[in-house]
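One structure, as structure tokens, below. Some questions next.
Going by the order they are written in, the chains are A, B and C; count residues from 1 in each one.
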Amino acid sequence: MAQPGEPGSLSSPDARAAVEVSGLSRRFGSFQALDNVSLTIREGEFFSLLGPSGCGKTTLLRIIGGLDLADSGSVAIGGEAMERIPAHRRPVNTVFQSYALFPHMTVAENVAFGLRMKKIAAADIAERVARALEMVQIGSFASRKPAQLSGGQKQRVALARALINEPRVLLLDEPLGALDLKLRKELQVELHTLQRRLGITFIFVTHDQEEALVMSDRIALMRAGQIEQIGDAEEIYERPRNRFVSQFLGSCNLIEARGWSPGGAGESLAETPLGTLRVEGGGAPTAGRESFTLAIRPEKLRLLPAGETGENRVPARVSQVIYIGSESHFQLEAGGRPLLAYAMNETRGAHELEPGASLTVHLPAASLLALED
Amino acid sequence: MARRAAAEVRFGEQLTPRSELLRSALVSGPAIAWVSLFLLIPLVAVVGMSFLTRGSYGQVGLPATFENYRRLAGYGLLGYDPLYPQIILRSLLLAAGTTLVCLLAAFPLAYFIVRLPGRFKNAALTLVVIPFWTNLLIRTYAWQILLGPESLLARLASALGLAPAGQPLYPSTLAVYLGMLCAYLPFMVMPLYSSFEKLDWSIAEAAMDLGAGGPQVLRHAILPQVAPGMAAGVILVFIPAVGQFVIPDLLGGAKTVMLGNAIQQQFGASRDWPFGSAISFVGMALVMLGLLLYARSAARRGEEGLL
Amino acid sequence: MKRPSWLLTLGVALLYVFLYAPIVVVIVFSFNAARYGGPWTGFTTAWYGRLLDSPEKLLAARNTLVLAVVSTLFSTVLGTLLGFGLSRYRFPGQKLFSWLMYIPVVIPDIVMAVAMLMFYGLVRQTLGLFELGLATMIVSHVTFQIPFVAIVVRSRLVGMDPAIEEAAHDLGANAWQTFRLVTLPMILPAVVAGGMLAFTLSLDDFVVSFFTTGPGANTLPILIYASVKRGITPDINALSSLIILASVLGTIAMMLAERRQEPRGTS
């Protein structure tokens, strides 16, 4: 199944890889859900598939779980090829977005289902079910039917029902999507702690960037059936590869650069509508490119008194101020284009900037990043 | 890769076309085989039989002709005789008339039930459903008692000078209609009721606010909304009414012979299977035609069919 | 618009009277002492007693029940499998077949009856099988019951969250285990409803039984039809009253069961 010309897929399956996906494609009619996706997920990591709806993240999860088949490409779990293994014999379990609890069974019967299928002795099952329910703190609901539970409780049952089988990989399909914000935050922490304690590999599908940042060891950001970037939270946030990544995760100022000249070691000078900006060792190579985009996160901008000059310092005007407690968001205008800046409110009245006020913005060279597109 | 592209996963199972075919054969197969063997093949046999010829002792054989259909069209051995065209027309008229009367009666009934408060609504609906589940034969022969020579209705009719005293009001066309209405009214009420239940009354109220009168509100604000229920009711009444055999048999006389009675006669007393088959085929064709019209009108409204 | 007018109320009341008049008159006349029907001559329960003394009627009652129970068992199993199969697995020509399966629902019952009569006749002439009687009636009833069961079961299956069956597979259940432990228990209310529908259809049927029965295998509807053709007798009214009672109780039980199902069905 090796894809010629695809680096990475030529190497032998990594023994430490929990899941290895190579060259997966899946098409539904005229809709390309997955387009030649390759990915390695390490043993014991909390891995998130993040992206807008329709990006293929759920399809990828379902193919790993055996609930859907790829048109081409391969999946290996624990070094073992999965192409002919049906869902019920794969060493993975899934937590569904709709919970998918069996409505005619009690909570305990739901949780016991997987062990029953493995023909484990009834006494063992009872003990393990009790333990699993304790683990997700719903021991007292064992004899209830799913219809009598709240959304959060249902999700805990779904989690216990999957984890009791001690899967090699746990697949979670937007498991917190249907819950309200407060409960979601609580469960995020719980899921994270649980994963650390059990050491099971989690593959977590979500469209909520904050959720992915909080919980994951690594994140794969997807769009239109392809993976845009893989990395840990800091890497993806601090060093986005392209505009989509920079915009999907948090906010980002994008500045078109129309030319560049090399500066000293590892730096360059970019021609932008804001003037010449020095870029220090950041991002994609810019050599030979006519035009490219510079990115800088709003919180990296420095707000200085009007009239200050120097490297990467640009005069600007405040057009809007939004006070949100711990920080303030400033909508600025510099060189005829908008800029967004965040500043911590370190002291009371720290930023007495009114709309219309003039100031200088400093874009630190080390915080500027050249993007691939 | 093409090999795996052909397989599919549904409801969590990986199925190749072959394994899916095997599953179908195992799961759907027995029922399909059963209905095919005991109904579809016999229906094909009916069509085939309708082209054969009856011998003098009721035996069946060649030659294969259109004779039975010519006879049905009125061109028998003894010249033109409108008996069978009349029977077909009469059956269609009876079915259409029954449908119309049911619609007229069911409309206010369904409207009344849907506007009742919750608890009474269920009770009123159950009261419509109970006759529906009660044996049709019993409900039909009961009309013989209700229309009998000394019944209340017969005495009323003679007192009004509508009928001679001491005579039953059946067999008659009126009796057949009464029996048909009684039998098919629930079929019309139920789909109409579910349409009324989904009806958005605010549209009717808006129409009244805009100064529309009763008939206009009905025509422009209510009828379009309950049209699907009406269409379903029409099909549920018309189709079984075309082939109805028991009601004309018990409440009608020689003047009300319908398709169903003619079929029964050919397979019973006359023992002319080929001709009986020809009548059956016409009955089937009429029903299919009705269904086709319904399916097309449902498709035009962009709905799923009745089934 | 809020309160129905007295005219509407009166009209609706008359329609209810019209629907119930036949049922009430049969029950009333079953207690009439007059031997040949006609005017009321006094109250009696004698006709009910007479039923027990008539071996012919007891046999017909037994035949009717055997026919309904056996055909319902067969058609519930076959119809449930068909409903499941058509909604879960595809095969070439499936659309055509799923249409053909509805023919028994829409075809006039007299046409169905004579087609079966002819088929049994032709098979009997060539193979010597299908002697008309209780067995041929059972086969015929199963044939027209199957699609009704399948329709009821299928509509329930279509409304189910596919993730539930996926979850069963995901937890290690194979196709059979998923069906037996998850799908079947979830569609059980629909299977029971379909079975009850099939049972009632069998009890109600006269036309198909009339054409596909043989000597000595009368059912109650056939018996009633024959008696009515000879002239209505009070004991037929008594018999019919008992059948009506059974239908009324059955309908009410069905409606109550349905209502109890609803709150759980929405979860």
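Here is the rule we go by: a contact is a pair of C-beta atoms (placed from the backbone, for glycine too) under 8 Å apart; a residue touches a chain by one contact, two chains touch by 3 or more.
In this text, all values refer to a predicted model and were calculated from it rather than measured experimentally.
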Examine which chains touch each other and state the graph shape they make (line, ring, star, complete, other). complete
Which chain pair racks up the highest number of C-beta contacts? B-C
Centroid of subunit B to centroid of subunit C, CA atoms only: how many Å? 17
Chain centre separation in whole Å, for subunit C relative to subunit A (CA means): 57
Distance in whole angstrom between the CA centres of subunit A and subunit B is 60
Residues of subunit B engaged with two or more neighbouring chains: 12-13
Listing for subunit A: what residues touch at least two other chains? 66-67, 86-88
Touching two or more other chains in subunit C are residues 166-170
Footprint of subunit C on subunit A - complex, ascending: 65-67, 86-89, 92-94, 96-98, 100-104, 113-114, 117-118, 146-147, 161-162, 165
For subunit B, which residues are in contact with subunit C within the complex? 10-13, 15, 20-21, 23-25, 27-32, 34-36, 38-43, 45-46, 49, 105, 108-109, 111-112, 115, 122, 126-131, 133-146, 148, 150, 181-182, 185-186, 204-205, 208, 239-240, 242-246, 250, 259-260, 263-264, 267, 273, 276-277, 280, 283-284, 287, 291, 307
If we count contacts the way the header does, which residues on subunit C are in touch with subunit B in the complex? 1, 4, 8-9, 11-12, 15-16, 18-23, 25-26, 29, 37-39, 78-79, 81-82, 84-86, 88-92, 94, 97, 100-112, 114-119, 122, 139-140, 142-144, 146-147, 150-151, 162, 165-170, 175, 178, 200, 203-204, 206-207, 211, 221, 224-225, 228, 232, 240, 243-244, 247-248, 250-252, 255, 259
With touch defined as at the start, can you tell me which subunit A residues reach subunit B in the complex? 66-72, 83, 86-88
State the interface residues of subunit C toward subunit A in the complex, per the touch definition above. 161, 163-164, 166-174, 177, 181-182, 185-186, 188, 264, 267
